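First the structure, which I've put down as C-alpha coordinates, then a few questions once you've had a look.
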Amino acid sequence: MEILSISTHQRVDMIDITPDVNRIVQASDIQNGIVTVFVPHTTCGITINEHADPDVKRDILFQLEKIAPYEKGYRHYEKNADSHIKTSLIGSSETILLEDGNVILGTWQGLFLCDFDGPRVRKVYVKILGDAS
Amino acid sequence: MEILSISTHQRVDMIDITPDVNRIVQASDIQNGIVTVFVPHTTCGITINEHADPDVKRDILFQLEKIAPYEKGYRHYEKNADSHIKTSLIGSSETILLEDGNVILGTWQGLFLCDFDGPRVRKVYVKILGDAS
Amino acid sequence: MEILSISTHQRVDMIDITPDVNRIVQASDIQNGIVTVFVPHTTCGITINEHADPDVKRDILFQLEKIAPYEKGYRHYEKNADSHIKTSLIGSSETILLEDGNVILGTWQGLFLCDFDGPRVRKVYVKILGDAS
(Lines give C-alpha, C1' and ligand atoms only; values in the text may rest on other atoms or scores of the structure.)
Protein backbone atom coordinates (compact mmCIF):
# COMPACT_ATOMS: atom_id res chain seq x y z
CA MET A 1 0.00 0.00 0.00
CA GLU A 2 1.28 3.45 -0.89
CA ILE A 3 0.14 6.67 0.78
CA LEU A 4 -0.30 10.04 -0.91
CA SER A 5 -0.56 13.37 0.92
CA ILE A 6 -2.75 15.80 -0.99
CA SER A 7 -3.27 19.48 -0.12
CA THR A 8 -6.69 20.96 -0.78
CA HIS A 9 -7.25 24.70 -1.09
CA GLN A 10 -10.89 25.52 -0.22
CA ARG A 11 -13.68 24.13 2.00
CA VAL A 12 -15.00 22.17 -0.98
CA ASP A 13 -12.40 21.31 -3.56
CA MET A 14 -11.60 18.67 -6.15
CA ILE A 15 -7.95 17.82 -6.80
CA ASP A 16 -6.89 15.76 -9.82
CA ILE A 17 -4.72 12.97 -8.40
CA THR A 18 -4.35 10.98 -11.66
CA PRO A 19 -0.63 11.81 -12.06
CA ASP A 20 0.09 10.75 -8.46
CA VAL A 21 -1.71 7.43 -8.89
CA ASN A 22 0.00 6.85 -12.23
CA ARG A 23 3.40 7.39 -10.62
CA ILE A 24 2.68 4.72 -8.01
CA VAL A 25 1.46 2.29 -10.67
CA GLN A 26 4.56 2.87 -12.82
CA ALA A 27 6.82 2.10 -9.86
CA SER A 28 5.06 -1.21 -9.14
CA ASP A 29 5.98 -4.63 -10.51
CA ILE A 30 2.34 -5.57 -10.96
CA GLN A 31 1.34 -5.42 -14.62
CA ASN A 32 -2.25 -6.66 -14.69
CA GLY A 33 -4.94 -6.29 -12.05
CA ILE A 34 -6.84 -3.58 -10.24
CA VAL A 35 -5.91 -0.45 -8.35
CA THR A 36 -7.97 0.59 -5.32
CA VAL A 37 -7.80 4.26 -4.36
CA PHE A 38 -9.19 4.86 -0.88
CA VAL A 39 -9.50 7.89 1.43
CA PRO A 40 -9.37 7.24 5.21
CA HIS A 41 -11.46 10.35 5.98
CA THR A 42 -15.20 10.83 6.59
CA THR A 43 -15.60 14.28 5.03
CA CYS A 44 -13.71 13.61 1.82
CA GLY A 45 -14.35 11.22 -1.11
CA ILE A 46 -12.99 9.96 -4.42
CA THR A 47 -14.66 10.32 -7.81
CA ILE A 48 -13.84 9.83 -11.48
CA ASN A 49 -14.94 12.53 -13.89
CA GLU A 50 -13.77 14.85 -16.67
CA HIS A 51 -10.46 16.59 -15.99
CA ALA A 52 -10.26 18.61 -19.22
CA ASP A 53 -12.70 21.47 -18.55
CA PRO A 54 -12.40 22.79 -14.95
CA ASP A 55 -16.03 23.90 -15.15
CA VAL A 56 -17.05 20.24 -14.78
CA LYS A 57 -15.66 20.06 -11.26
CA ARG A 58 -17.13 23.49 -10.49
CA ASP A 59 -20.57 22.22 -11.63
CA ILE A 60 -20.29 18.99 -9.62
CA LEU A 61 -19.47 20.92 -6.43
CA PHE A 62 -22.13 23.55 -7.22
CA GLN A 63 -24.86 20.94 -7.54
CA LEU A 64 -23.67 18.91 -4.52
CA GLU A 65 -24.20 22.12 -2.52
CA LYS A 66 -27.86 22.14 -3.71
CA ILE A 67 -28.24 18.45 -2.85
CA ALA A 68 -26.71 18.73 0.63
CA PRO A 69 -26.53 22.43 1.58
CA TYR A 70 -24.23 23.66 4.33
CA GLU A 71 -26.27 23.96 7.60
CA LYS A 72 -29.81 22.88 6.85
CA GLY A 73 -31.46 21.30 9.87
CA TYR A 74 -28.64 18.90 10.69
CA ARG A 75 -27.80 17.84 14.25
CA HIS A 76 -24.10 16.86 14.08
CA TYR A 77 -22.31 19.29 16.39
CA GLU A 78 -19.24 19.92 14.24
CA LYS A 79 -21.10 22.01 11.61
CA ASN A 80 -19.90 19.73 8.83
CA ALA A 81 -22.85 17.37 8.47
CA ASP A 82 -23.10 18.44 4.81
CA SER A 83 -19.51 17.20 4.32
CA HIS A 84 -20.38 13.77 5.72
CA ILE A 85 -23.49 13.52 3.52
CA LYS A 86 -21.58 14.50 0.37
CA THR A 87 -18.93 11.89 1.24
CA SER A 88 -21.48 9.08 1.34
CA LEU A 89 -22.99 10.25 -1.97
CA ILE A 90 -19.61 10.38 -3.74
CA GLY A 91 -18.04 7.37 -2.00
CA SER A 92 -14.74 6.71 -0.24
CA SER A 93 -12.94 4.80 -2.98
CA GLU A 94 -12.60 4.04 -6.67
CA THR A 95 -11.38 0.86 -8.33
CA ILE A 96 -9.61 1.17 -11.67
CA LEU A 97 -8.11 -1.39 -14.02
CA LEU A 98 -4.46 -2.08 -14.72
CA GLU A 99 -3.35 -3.64 -18.02
CA ASP A 100 0.25 -4.22 -19.14
CA GLY A 101 1.52 -1.90 -16.44
CA ASN A 102 -0.81 1.01 -17.23
CA VAL A 103 -3.93 2.36 -15.60
CA ILE A 104 -6.82 2.10 -18.03
CA LEU A 105 -8.86 5.29 -17.92
CA GLY A 106 -11.02 6.81 -20.64
CA THR A 107 -9.75 9.81 -22.64
CA TRP A 108 -11.55 12.35 -20.47
CA GLN A 109 -11.40 10.54 -17.14
CA GLY A 110 -9.38 11.75 -14.18
CA LEU A 111 -9.34 10.61 -10.56
CA PHE A 112 -10.32 13.36 -8.13
CA LEU A 113 -9.93 13.69 -4.40
CA CYS A 114 -13.08 15.57 -3.29
CA ASP A 115 -12.61 17.51 -0.09
CA PHE A 116 -15.89 18.60 1.52
CA ASP A 117 -14.41 20.02 4.71
CA GLY A 118 -11.09 21.56 3.77
CA PRO A 119 -8.73 23.11 3.20
CA ARG A 120 -6.48 20.40 4.68
CA VAL A 121 -3.80 17.88 3.87
CA ARG A 122 -5.59 14.61 3.10
CA LYS A 123 -4.27 11.06 2.88
CA VAL A 124 -5.04 8.77 -0.06
CA TYR A 125 -4.21 5.03 0.09
CA VAL A 126 -3.37 3.24 -3.14
CA LYS A 127 -3.30 -0.56 -3.29
CA ILE A 128 -2.42 -2.57 -6.40
CA LEU A 129 -3.58 -6.18 -6.68
CA GLY A 130 -2.74 -8.55 -9.51
CA ASP A 131 0.09 -10.31 -11.32
CA ALA A 132 3.56 -9.38 -12.49
CA SER A 133 2.84 -10.76 -15.96
CA MET B 1 -9.80 -7.51 -19.47
CA GLU B 2 -12.81 -7.93 -21.73
CA ILE B 3 -14.61 -5.07 -23.46
CA LEU B 4 -18.36 -4.84 -24.08
CA SER B 5 -20.00 -2.45 -26.55
CA ILE B 6 -23.45 -1.43 -25.35
CA SER B 7 -25.96 0.63 -27.34
CA THR B 8 -28.17 3.04 -25.42
CA HIS B 9 -31.43 4.37 -26.85
CA GLN B 10 -32.26 7.71 -25.19
CA ARG B 11 -30.43 10.66 -23.61
CA VAL B 12 -30.83 9.04 -20.21
CA ASP B 13 -31.14 5.29 -20.29
CA MET B 14 -30.37 2.24 -18.17
CA ILE B 15 -29.39 -0.97 -19.93
CA ASP B 16 -29.28 -4.31 -18.09
CA ILE B 17 -25.83 -5.75 -18.84
CA THR B 18 -26.05 -8.72 -16.43
CA PRO B 19 -26.25 -11.32 -19.25
CA ASP B 20 -23.20 -9.80 -20.98
CA VAL B 21 -21.14 -9.84 -17.78
CA ASN B 22 -22.27 -13.40 -17.01
CA ARG B 23 -21.13 -14.52 -20.46
CA ILE B 24 -17.63 -13.15 -19.84
CA VAL B 25 -17.46 -14.78 -16.41
CA GLN B 26 -18.59 -18.17 -17.81
CA ALA B 27 -15.83 -18.04 -20.43
CA SER B 28 -13.12 -17.36 -17.83
CA ASP B 29 -11.02 -19.96 -15.99
CA ILE B 30 -11.23 -17.99 -12.76
CA GLN B 31 -13.66 -19.65 -10.35
CA ASN B 32 -13.38 -17.56 -7.16
CA GLY B 33 -12.67 -13.87 -6.78
CA ILE B 34 -14.15 -10.53 -7.79
CA VAL B 35 -15.35 -8.98 -11.02
CA THR B 36 -14.84 -5.26 -11.61
CA VAL B 37 -17.17 -3.65 -14.15
CA PHE B 38 -15.91 -0.21 -15.21
CA VAL B 39 -17.04 2.43 -17.74
CA PRO B 40 -14.33 4.59 -19.33
CA HIS B 41 -16.74 7.51 -19.91
CA THR B 42 -17.50 10.64 -17.86
CA THR B 43 -21.21 10.95 -18.63
CA CYS B 44 -22.16 7.36 -17.99
CA GLY B 45 -22.07 5.15 -14.86
CA ILE B 46 -22.72 1.66 -13.51
CA THR B 47 -25.28 0.73 -10.85
CA ILE B 48 -26.84 -2.38 -9.36
CA ASN B 49 -30.59 -2.36 -8.81
CA GLU B 50 -33.81 -4.27 -9.46
CA HIS B 51 -34.16 -5.58 -12.99
CA ALA B 52 -37.60 -7.21 -12.60
CA ASP B 53 -39.96 -4.20 -12.73
CA PRO B 54 -38.86 -1.68 -15.41
CA ASP B 55 -40.55 1.07 -13.37
CA VAL B 56 -37.63 0.90 -10.93
CA LYS B 57 -35.19 2.16 -13.54
CA ARG B 58 -37.75 4.74 -14.69
CA ASP B 59 -38.06 6.01 -11.09
CA ILE B 60 -34.27 6.13 -10.57
CA LEU B 61 -33.80 8.22 -13.73
CA PHE B 62 -36.86 10.36 -12.88
CA GLN B 63 -35.48 11.25 -9.46
CA LEU B 64 -31.91 11.77 -10.72
CA GLU B 65 -33.42 14.41 -13.02
CA LYS B 66 -34.81 16.19 -9.91
CA ILE B 67 -31.45 15.88 -8.14
CA ALA B 68 -29.38 17.19 -11.07
CA PRO B 69 -31.75 18.80 -13.60
CA TYR B 70 -30.69 19.39 -17.19
CA GLU B 71 -29.44 23.00 -17.54
CA LYS B 72 -29.69 24.65 -14.15
CA GLY B 73 -27.02 27.30 -13.72
CA TYR B 74 -24.10 25.13 -14.80
CA ARG B 75 -21.05 26.54 -16.58
CA HIS B 76 -19.67 23.56 -18.55
CA TYR B 77 -19.94 24.57 -22.22
CA GLU B 78 -21.08 21.22 -23.61
CA LYS B 79 -24.59 21.43 -22.11
CA ASN B 80 -24.17 18.09 -20.38
CA ALA B 81 -23.05 19.19 -16.91
CA ASP B 82 -26.05 17.30 -15.48
CA SER B 83 -24.68 14.11 -17.09
CA HIS B 84 -21.30 14.57 -15.39
CA ILE B 85 -22.97 15.24 -12.00
CA LYS B 86 -25.20 12.15 -12.30
CA THR B 87 -22.14 10.08 -13.19
CA SER B 88 -20.32 11.06 -9.99
CA LEU B 89 -23.44 10.30 -7.92
CA ILE B 90 -23.93 6.84 -9.46
CA GLY B 91 -20.23 5.95 -9.84
CA SER B 92 -18.06 4.61 -12.64
CA SER B 93 -17.78 0.99 -11.53
CA GLU B 94 -19.23 -1.87 -9.55
CA THR B 95 -17.43 -4.78 -7.92
CA ILE B 96 -19.27 -8.08 -7.66
CA LEU B 97 -18.30 -11.44 -6.17
CA LEU B 98 -17.46 -14.64 -8.01
CA GLU B 99 -17.90 -18.05 -6.33
CA ASP B 100 -17.41 -21.45 -7.96
CA GLY B 101 -17.46 -19.87 -11.40
CA ASN B 102 -20.66 -17.88 -10.92
CA VAL B 103 -21.39 -14.23 -10.28
CA ILE B 104 -23.13 -13.89 -6.91
CA LEU B 105 -25.98 -11.41 -7.24
CA GLY B 106 -29.18 -11.23 -5.19
CA THR B 107 -32.48 -12.49 -6.65
CA TRP B 108 -33.60 -9.05 -7.82
CA GLN B 109 -30.19 -7.54 -8.62
CA GLY B 110 -29.07 -6.64 -12.12
CA LEU B 111 -26.06 -4.65 -13.34
CA PHE B 112 -27.05 -1.55 -15.30
CA LEU B 113 -25.09 0.70 -17.59
CA CYS B 114 -26.54 4.19 -16.93
CA ASP B 115 -26.15 6.54 -19.85
CA PHE B 116 -26.71 10.19 -18.94
CA ASP B 117 -25.73 11.67 -22.31
CA GLY B 118 -26.87 9.23 -24.95
CA PRO B 119 -27.97 7.70 -27.10
CA ARG B 120 -24.55 6.29 -27.99
CA VAL B 121 -22.49 3.12 -28.12
CA ARG B 122 -20.67 2.85 -24.79
CA LYS B 123 -17.74 0.70 -23.73
CA VAL B 124 -17.75 -1.37 -20.54
CA TYR B 125 -14.55 -3.00 -19.25
CA VAL B 126 -14.82 -6.24 -17.29
CA LYS B 127 -11.88 -7.55 -15.27
CA ILE B 128 -11.90 -10.80 -13.29
CA LEU B 129 -9.40 -11.27 -10.47
CA GLY B 130 -8.99 -14.43 -8.41
CA ASP B 131 -8.08 -18.11 -8.53
CA ALA B 132 -8.84 -21.00 -10.83
CA SER B 133 -9.85 -23.17 -7.89
CA MET C 1 -16.88 -15.69 0.88
CA GLU C 2 -18.42 -15.19 4.31
CA ILE C 3 -22.03 -14.19 4.93
CA LEU C 4 -23.28 -11.90 7.69
CA SER C 5 -26.92 -11.65 8.80
CA ILE C 6 -27.70 -8.17 10.07
CA SER C 7 -30.95 -7.08 11.74
CA THR C 8 -32.18 -3.55 11.06
CA HIS C 9 -34.68 -1.82 13.31
CA GLN C 10 -36.53 0.87 11.34
CA ARG C 11 -37.63 1.50 7.74
CA VAL C 12 -34.45 3.51 7.17
CA ASP C 13 -31.58 2.53 9.39
CA MET C 14 -27.78 2.46 9.40
CA ILE C 15 -26.06 -0.36 11.29
CA ASP C 16 -22.32 -0.26 12.04
CA ILE C 17 -20.95 -3.59 10.77
CA THR C 18 -17.25 -2.77 11.30
CA PRO C 19 -16.83 -5.27 14.19
CA ASP C 20 -18.47 -8.06 12.12
CA VAL C 21 -16.20 -7.40 9.14
CA ASN C 22 -13.14 -7.20 11.41
CA ARG C 23 -14.01 -10.59 12.92
CA ILE C 24 -14.09 -12.20 9.46
CA VAL C 25 -10.79 -10.58 8.50
CA GLN C 26 -9.11 -11.73 11.73
CA ALA C 27 -10.20 -15.33 11.06
CA SER C 28 -8.74 -15.30 7.53
CA ASP C 29 -5.23 -16.38 6.52
CA ILE C 30 -4.97 -13.51 4.04
CA GLN C 31 -2.72 -10.77 5.37
CA ASN C 32 -2.49 -8.24 2.52
CA GLY C 33 -5.08 -7.36 -0.08
CA ILE C 34 -8.58 -5.99 -0.31
CA VAL C 35 -11.90 -6.77 1.32
CA THR C 36 -15.11 -6.38 -0.69
CA VAL C 37 -18.29 -5.92 1.34
CA PHE C 38 -21.39 -6.44 -0.81
CA VAL C 39 -25.16 -6.47 -0.15
CA PRO C 40 -27.29 -8.75 -2.37
CA HIS C 41 -30.39 -6.55 -1.94
CA THR C 42 -31.86 -3.74 -4.07
CA THR C 43 -33.24 -1.55 -1.28
CA CYS C 44 -30.19 -1.59 0.96
CA GLY C 45 -26.63 -0.28 0.47
CA ILE C 46 -23.19 -0.01 2.08
CA THR C 47 -21.41 3.21 3.02
CA ILE C 48 -18.38 4.33 5.01
CA ASN C 49 -18.79 7.29 7.34
CA GLU C 50 -18.25 8.52 10.89
CA HIS C 51 -19.31 6.06 13.57
CA ALA C 52 -18.42 8.22 16.61
CA ASP C 53 -21.35 10.69 16.74
CA PRO C 54 -24.69 8.95 16.00
CA ASP C 55 -26.03 12.29 14.70
CA VAL C 56 -23.93 11.78 11.56
CA LYS C 57 -25.99 8.79 10.49
CA ARG C 58 -29.17 10.61 11.51
CA ASP C 59 -28.15 13.55 9.26
CA ILE C 60 -27.25 11.29 6.32
CA LEU C 61 -30.65 9.55 6.47
CA PHE C 62 -32.42 12.89 7.03
CA GLN C 63 -30.91 14.43 3.93
CA LEU C 64 -31.38 11.29 1.80
CA GLU C 65 -35.09 11.64 2.60
CA LYS C 66 -34.96 15.17 1.09
CA ILE C 67 -33.07 13.89 -1.95
CA ALA C 68 -35.40 10.95 -2.62
CA PRO C 69 -38.57 11.43 -0.58
CA TYR C 70 -40.93 8.54 0.17
CA GLU C 71 -43.76 8.55 -2.40
CA LYS C 72 -43.17 11.43 -4.79
CA GLY C 73 -44.51 10.66 -8.24
CA TYR C 74 -42.84 7.27 -8.60
CA ARG C 75 -44.42 4.41 -10.58
CA HIS C 76 -42.92 1.27 -9.00
CA TYR C 77 -45.88 -0.63 -7.54
CA GLU C 78 -44.25 -1.74 -4.29
CA LYS C 79 -44.23 1.74 -2.69
CA ASN C 80 -40.49 1.54 -2.10
CA ALA C 81 -39.16 3.36 -5.17
CA ASP C 82 -37.40 5.79 -2.81
CA SER C 83 -35.53 2.82 -1.28
CA HIS C 84 -34.28 1.73 -4.71
CA ILE C 85 -33.17 5.28 -5.58
CA LYS C 86 -31.32 5.71 -2.27
CA THR C 87 -29.59 2.36 -2.86
CA SER C 88 -28.19 3.48 -6.23
CA LEU C 89 -27.00 6.76 -4.69
CA ILE C 90 -25.21 5.04 -1.78
CA GLY C 91 -24.03 1.96 -3.69
CA SER C 92 -24.17 -1.79 -3.11
CA SER C 93 -20.60 -2.36 -1.96
CA GLU C 94 -17.45 -0.93 -0.44
CA THR C 95 -13.86 -2.02 -0.97
CA ILE C 96 -11.42 -1.58 1.91
CA LEU C 97 -7.73 -2.32 2.26
CA LEU C 98 -6.08 -5.07 4.25
CA GLU C 99 -2.48 -4.72 5.52
CA ASP C 100 -0.61 -7.18 7.77
CA GLY C 101 -3.86 -8.88 8.67
CA ASN C 102 -5.77 -5.73 9.61
CA VAL C 103 -8.44 -3.69 7.89
CA ILE C 104 -7.11 -0.18 7.25
CA LEU C 105 -9.79 2.35 8.10
CA GLY C 106 -9.38 5.96 9.21
CA THR C 107 -9.84 6.90 12.88
CA TRP C 108 -13.46 7.98 12.41
CA GLN C 109 -14.48 5.56 9.67
CA GLY C 110 -16.98 2.77 10.15
CA LEU C 111 -18.71 0.51 7.64
CA PHE C 112 -22.49 0.86 7.67
CA LEU C 113 -25.23 -1.30 6.26
CA CYS C 114 -27.89 1.18 5.11
CA ASP C 115 -31.38 -0.27 5.06
CA PHE C 116 -33.86 1.84 3.09
CA ASP C 117 -36.79 -0.59 3.30
CA GLY C 118 -36.58 -2.29 6.67
CA PRO C 119 -36.81 -3.39 9.31
CA ARG C 120 -35.54 -6.76 8.10
CA VAL C 121 -32.71 -9.24 8.41
CA ARG C 122 -30.24 -8.42 5.63
CA LYS C 123 -27.38 -10.42 4.20
CA VAL C 124 -23.89 -8.97 3.71
CA TYR C 125 -21.25 -10.85 1.71
CA VAL C 126 -17.59 -10.37 2.62
CA LYS C 127 -14.83 -11.52 0.27
CA ILE C 128 -11.11 -11.20 1.00
CA LEU C 129 -8.63 -11.24 -1.88
CA GLY C 130 -4.86 -11.14 -1.53
CA ASP C 131 -1.84 -12.98 -0.17
CA ALA C 132 -1.00 -14.85 3.01
CA SER C 133 2.25 -12.89 3.39
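For reference, chains read A, B and C in written order, and residue numbers begin at 1 within each chain.
Operating definition for what follows: contacts are C-beta pairs under 8 Å (C-beta built on N, C-alpha and C of every residue); 3 or more make two chains touch, one makes a residue touch a chain.
Fair warning: this is a prediction, and the values are worked out from it, not measured in the lab.
Think of chain A turning onto chain C: fitted on CA atoms, that turn is 120 degrees, to the nearest 5. In this structure chain B contacts its sequence twin chain C using mostly different residue numbers, the overlap staying below half. Remark: chain B and chain C have CA centroids separated by 19 Å (rounded to whole angstrom). Those residues of chain A in touch with two or more other chains are numbered 67, 89, 91, 95, 129. Residues of chain B that touch chain A in their complex: 1, 36, 38-42, 67-68, 72-78, 81, 84-85, 87-89, 91-93, 95, 123, 125, 127, 129. On the chain B side of its complex with chain C, the touching residues are 33-34, 47-50, 53, 55-56, 58-60, 62-64, 67, 89-91, 94-97, 99, 104-109, 129-130.
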